[in-house]
Amino acid sequence: MTQIKDLLGADTVIRADGRAVDELRPIRITRHFTDAPEGSVLIECGSTRVMCTATFTTGVPRWRKDSGEGWVTAEYAMLPRATAERTDRESIRGKVGGRTHEISRLIGRCLRGVVNMKALGENQIQIDCDVLQADGGTRTASITGAYVALVDALRWAEQHKHIRSADRVLKDSVSAVSVGVINGTPMLDLPYIEDSQAMTDMNVAMTGSGEFIEIQGTAEHRPFNRTELNALLDLAEKGNKELQAAQRAALALD
Amino acid sequence: MTQIKDLLGADTVIRADGRAVDELRPIRITRHFTDAPEGSVLIECGSTRVMCTATFTTGVPRWRKDSGEGWVTAEYAMLPRATAERTDRESIRGKVGGRTHEISRLIGRCLRGVVNMKALGENQIQIDCDVLQADGGTRTASITGAYVALVDALRWAEQHKHIRSADRVLKDSVSAVSVGVINGTPMLDLPYIEDSQAMTDMNVAMTGSGEFIEIQGTAEHRPFNRTELNALLDLAEKGNKELQAAQRAALALD
Amino acid sequence: MTQIKDLLGADTVIRADGRAVDELRPIRITRHFTDAPEGSVLIECGSTRVMCTATFTTGVPRWRKDSGEGWVTAEYAMLPRATAERTDRESIRGKVGGRTHEISRLIGRCLRGVVNMKALGENQIQIDCDVLQADGGTRTASITGAYVALVDALRWAEQHKHIRSADRVLKDSVSAVSVGVINGTPMLDLPYIEDSQAMTDMNVAMTGSGEFIEIQGTAEHRPFNRTELNALLDLAEKGNKELQAAQRAALALD
Amino acid sequence: MTQIKDLLGADTVIRADGRAVDELRPIRITRHFTDAPEGSVLIECGSTRVMCTATFTTGVPRWRKDSGEGWVTAEYAMLPRATAERTDRESIRGKVGGRTHEISRLIGRCLRGVVNMKALGENQIQIDCDVLQADGGTRTASITGAYVALVDALRWAEQHKHIRSADRVLKDSVSAVSVGVINGTPMLDLPYIEDSQAMTDMNVAMTGSGEFIEIQGTAEHRPFNRTELNALLDLAEKGNKELQAAQRAALALD
Amino acid sequence: MTQIKDLLGADTVIRADGRAVDELRPIRITRHFTDAPEGSVLIECGSTRVMCTATFTTGVPRWRKDSGEGWVTAEYAMLPRATAERTDRESIRGKVGGRTHEISRLIGRCLRGVVNMKALGENQIQIDCDVLQADGGTRTASITGAYVALVDALRWAEQHKHIRSADRVLKDSVSAVSVGVINGTPMLDLPYIEDSQAMTDMNVAMTGSGEFIEIQGTAEHRPFNRTELNALLDLAEKGNKELQAAQRAALALD
Amino acid sequence: MTQIKDLLGADTVIRADGRAVDELRPIRITRHFTDAPEGSVLIECGSTRVMCTATFTTGVPRWRKDSGEGWVTAEYAMLPRATAERTDRESIRGKVGGRTHEISRLIGRCLRGVVNMKALGENQIQIDCDVLQADGGTRTASITGAYVALVDALRWAEQHKHIRSADRVLKDSVSAVSVGVINGTPMLDLPYIEDSQAMTDMNVAMTGSGEFIEIQGTAEHRPFNRTELNALLDLAEKGNKELQAAQRAALALD
């Protein structure tokens, strides 16, 4: 990481919460957070808290019938007071907003990226990520937590003989983290206060083997060049490795 | 309580979870469960877990303007996997279901029943009750927890000079509990397994001074008579007294 | 009734419409109000007028298939100018309001409370209650009128050999009435003007044999105690007996 | 009418209900059908029964503000069991159907066609036509009945000094009737049984002075030629004259 | 046409775009406008431009199953900036407006009026008319263009052996044109500027053999009499003949 | 580009449409495609055809008032038969789908990324991208075409004195292109047939000065590594340079 800091002059940057620019917020993953779901995880990344559940059901949607393959979907939502100001419920407004749709689809793609649909067979897993408290990085925390819930649901399905082997369904693990450029400095894992100042903002989902599943970089406020991109990807790689260690530690606990 | 048991032959009844017929499930009230809301409470009644937040905002809806009085509303919702089988999100379905509407309105009426709207002034409190895990009694747990969140929001408003005094706004406290007749025996605080067998099912909201705010008794399966009603109300009175003790204990902790 | 009046000092109360506190408004039940439905009733309670139809269809919703049992549902709605000010149509607004949902569910539960679903067999009855003119008590008038429409629909089904016997399907009759405390005085059958002043407001549905199907008491404005509750239930019992006499008289006319 | 019959060989036609081909069904117009609306009319054309209310409110929609002119709109709906088979409520379906939209717009145009918007001033009249029983011709009955409700609302507004003169607002009267070609024979005022057999179907709204406000002819099943069109228009002219006599008679009753 | 002009004094009228009162705007019909649909037509009537596609699918909606007959439906929509001011998308508003519904239904009826449903067999044709640019007469242009797309879809279906013969399915051709009375003068094919001034406005759909499929005449601003009606119908007949020549010319090009 | 081909062994790859792996499809940009909008562009990339309009309105949404800054939004939609199989209209379904939301938001962010909101002043530009024909890359074609429409709208606004200078509002130009890995070979500008086979799929929006505005890479089917990412970004850079040349050429034509 040193050359990045040199390159961008970030080595003297002090973040509001005292972290180094390449340091994750404290992460806590609680499995079996609630009793009913096949997988139920509370993930906390700093003050961001997301409840991720995985529902395993036999059978697939109609368009997938007789394909021999399974399906994985995800839905993301925020509780009304996850945020500093109350947000109206989308159920009351009668429609799902664009941001919610965008994030739900992102989570679904990331998880499908590590699932072998043939090995899953004609079964469906529905991921629900509900944000209890939002302080930046809710979509990446959702992906990281949802993976753990997914594993638990697959283990449950293996125990209940719905699938032969959870391990065969999982092609790899997946986690995600946000990175961004704040005042010219690339930083890892942005809380809300930094996120809202970021000129460039990127969410990076990676597999346990270090490859990319999703890269979503946005530069609404100032475009970024190839050098900055590479610095951000380096940070994301470091962050995802640490998140995957936390996932493994949590999953080893049983 | 003895004469009720005699009357109805319930003294030998053993409940699935080992409780006596007039015994509440273990109750736990956690204040300041999340950081952003003015009041944020996690209430646990046995396995039922509801997150109740209270949002204080200055100003009132348009129809209430220039009345000198405030307003209190409530919204109730269940997370998709609060239940044994996953429930579709109402946001995705594009409409709020009848049960959700009914319960939201009930919670709102109960809280308004103990609030002095003149003392609140032209301010609004929005209660959100989101069920993380459902095992019967989610609407009554919501009321009991929401009252604590309401008090915290009013204390916050007093500290921030939005109201003169939280105590003057509160005319009384309120809690609620379910009672029902299972196989002919009146019982207190029904978990899901009992609730689904109940011939008669009643939710009773009471003030700290022992009066009724709401009585909702339903006998879809077998009508009930005046004697049974009185037995149920006695149980509800006992349960509410204990819930109010738990509310007071939680609110004394600051 | 005398001891109630003594207790509460109500014996000198004069109501705006000249009724005694324990007196129903004039009730009129017109059967065969329209031609198409299997049961079609216009019920008038004072100025409140509700058209109640019962639609009998063979077969049940999917979740009820192969249960050998039938199903009864209800929908309630108000015409836009049933009220002093015009209310926007829920069809135009694109969603059903909370009050409508709450009342529809109440009516459905009350009717199901007197129907033997096994005897009904796999048939469905849909009740529609449309308020032509609203002057308080529209939900209780709906229940009282809907019962008569239900009986007509069952008689039709018996004649058309869809069920063996209407009498076997009906476990009992059901009617409902509102009661409330106005300025400290319990009163029976509140028109709109009284309803809006009521400190406590209760809707009580009872069977012909004098038992309770639903009790919904609300005390948004002032909580009520056990003594007041008992006085209200006495009034409701008297009112429901008279409503059931009117139902019997109407049903004897064929 | 004779030459039409000659032309088309209809003089020996016997209609199911015994009417002549150029004969209206019995018409009954009941004013002040309900108490709350400024105009409230029940119109019965044979078995078709529509409740038409007119709501007068001061002020106009925003887009009409400061124009010095008023506005008239209409909404049409069918109660679920107005028809032989129950129709789902549009409120429950969450959207208004095409047929409902089409008819609501037709009624609105017809009434606006006889209203002097300048003389109405910045006031609004909302017409609601709710079909209690449908046996063909519900849209034309709605127009005919709505006109009477409109007059009553304007008379009310004159009495309450919201407008200077009801007569000045009304440029003319309006009524409407359906005509159609059944098995080659043009007929007046089709009940449902004829309507569903009609090869050509036309709704004609005319003013009291005998001019056209709306002509809507549809020939989904067999196109029609100029001769048939003229025969249908002659029938419609005769029918509308009689309907206008009924309107005048009803309005003279006060 | 001369006697009409004499009658109404229109022979000296000069229209804004220099046309005679009985003259169509330039018409252009482009077949195979896009590649995917079975029929795809761009129709231009003056500045009005509508893209009409016809989708042929085997099978019919459930209510039509086992009837041996096909079905034809149509949907009409305007792109947001087809008009001088941007119109909000109906998808974003969450509901289809009344005007859209009305026009979609009109187009569907006109096309069904020339289709032999038995010869179509259990196949469905969905017409989509999307207005790229609106300058009056979008609904009539849609009908005229949709007919050509329909023919192409039927020819495709014949080639692909889904139907025996396109010609047998088509009972006739259909086109439509608007006519109206502007300042007392009947005119053919109104652009937006004239349409908005029209006192009477009529859309007339006719078959190739000169009969009427739909007549929709509206006189919101001034009623019209039989003489004017006849003048308008004469104009419509002339216009439709010319439009049908254009249809034939386009269809001959293959 | 040669070293990429060497690296990935792609130099012998033949694409279905005969293009080289780093070759764009033929691009055509038609300005002033329709008359009403301030900017109206038809962009064709191979068979993909998108109509992009830009609507300039003075004033901004309420949340932006008194900020001195403008706003730019975008909406994307597909006509029903843009695709091989007809897609139901989102207006009829009553809700906007996730994909539509996601793309609309992407287009909006890309355009805002090159607009100086202060120089725009309190004015709003609404971009509408409607896909007439879809053959892959509709979202990137929308961005590329929308930029040209945006420029035209700003030029219009400058001419009409709503803004001082179009050039000052534009910080840079923007275009976008898709790239992807097909059977291990990185390729530029994927048509539908390739897109559906892509293991990795990336949309890259770049400014005229060669920086990134948005990178969205998705690897639902096979994760990608840093080397592949770099190859894809090289291709995207080449493609965007060519697209920007086409934009400049089109904008020079006036």
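Should a chain be cited, it is by its letter among A, B, C, D, E and F, assigned in written order, with residues numbered from 1 in that chain.
In this text, a contact is a pair of C-beta atoms (placed from the backbone, for glycine too) under 8 Å apart; a residue touches a chain by one contact, two chains touch by 3 or more.
The structure presented is a predicted model; accordingly, all values stated were derived computationally and were not measured.
> I need the common contact partners of subunit D and subunit E, sorted by label.
Chains in contact with subunit D as well as subunit E: not a single one.
> Shared numbers divided by all numbers used: is that above or below half for subunit A and subunit F, i.e. same or different?
Mostly the same residues form this interface, as more than half of the numbers used are common to both chains.
> Which chain's C-alpha centroid is most distant from that of subunit D?
A
> As a quick test, compute the distance in whole Å between the mean CA positions of subunit A and subunit C.
The mean C-alpha positions of subunit A and subunit C differ by 52 Å.
> Using mean CA coordinates as chain centres, what's the subunit B-subunit C distance in Å?
The mean C-alpha positions of subunit B and subunit C differ by 27 Å.
> Where the centres are mean C-alpha positions, what is the separation of subunit C from subunit D, in Å?
Roughly 34 Å, centre to centre.
> If a residue has to touch 2 or more other chains to count, which residues of subunit B qualify?
Where subunit B meets two or more other chains at a single residue, that happens at 94-96.
> Building nodes from the protein chains and edges from chain pairs that touch, which of line, ring, star, complete or other describes the result?
ring
> Which residues of subunit B touch subunit C in the complex?
Interface residues on subunit B, with respect to subunit C: 95-99, 101-102, 104-105, 109, 112-113, 172, 202, 206-207, 209-221, 223-226, 229, 233.
> For a test of understanding, state which residues of subunit C touch subunit D in their complex under the given definition.
Contact set of subunit C toward subunit D: 34-37, 40, 47, 49, 51, 53, 55, 57, 75, 77, 79-84, 86, 89-96, 100, 126, 128, 130, 132-133.
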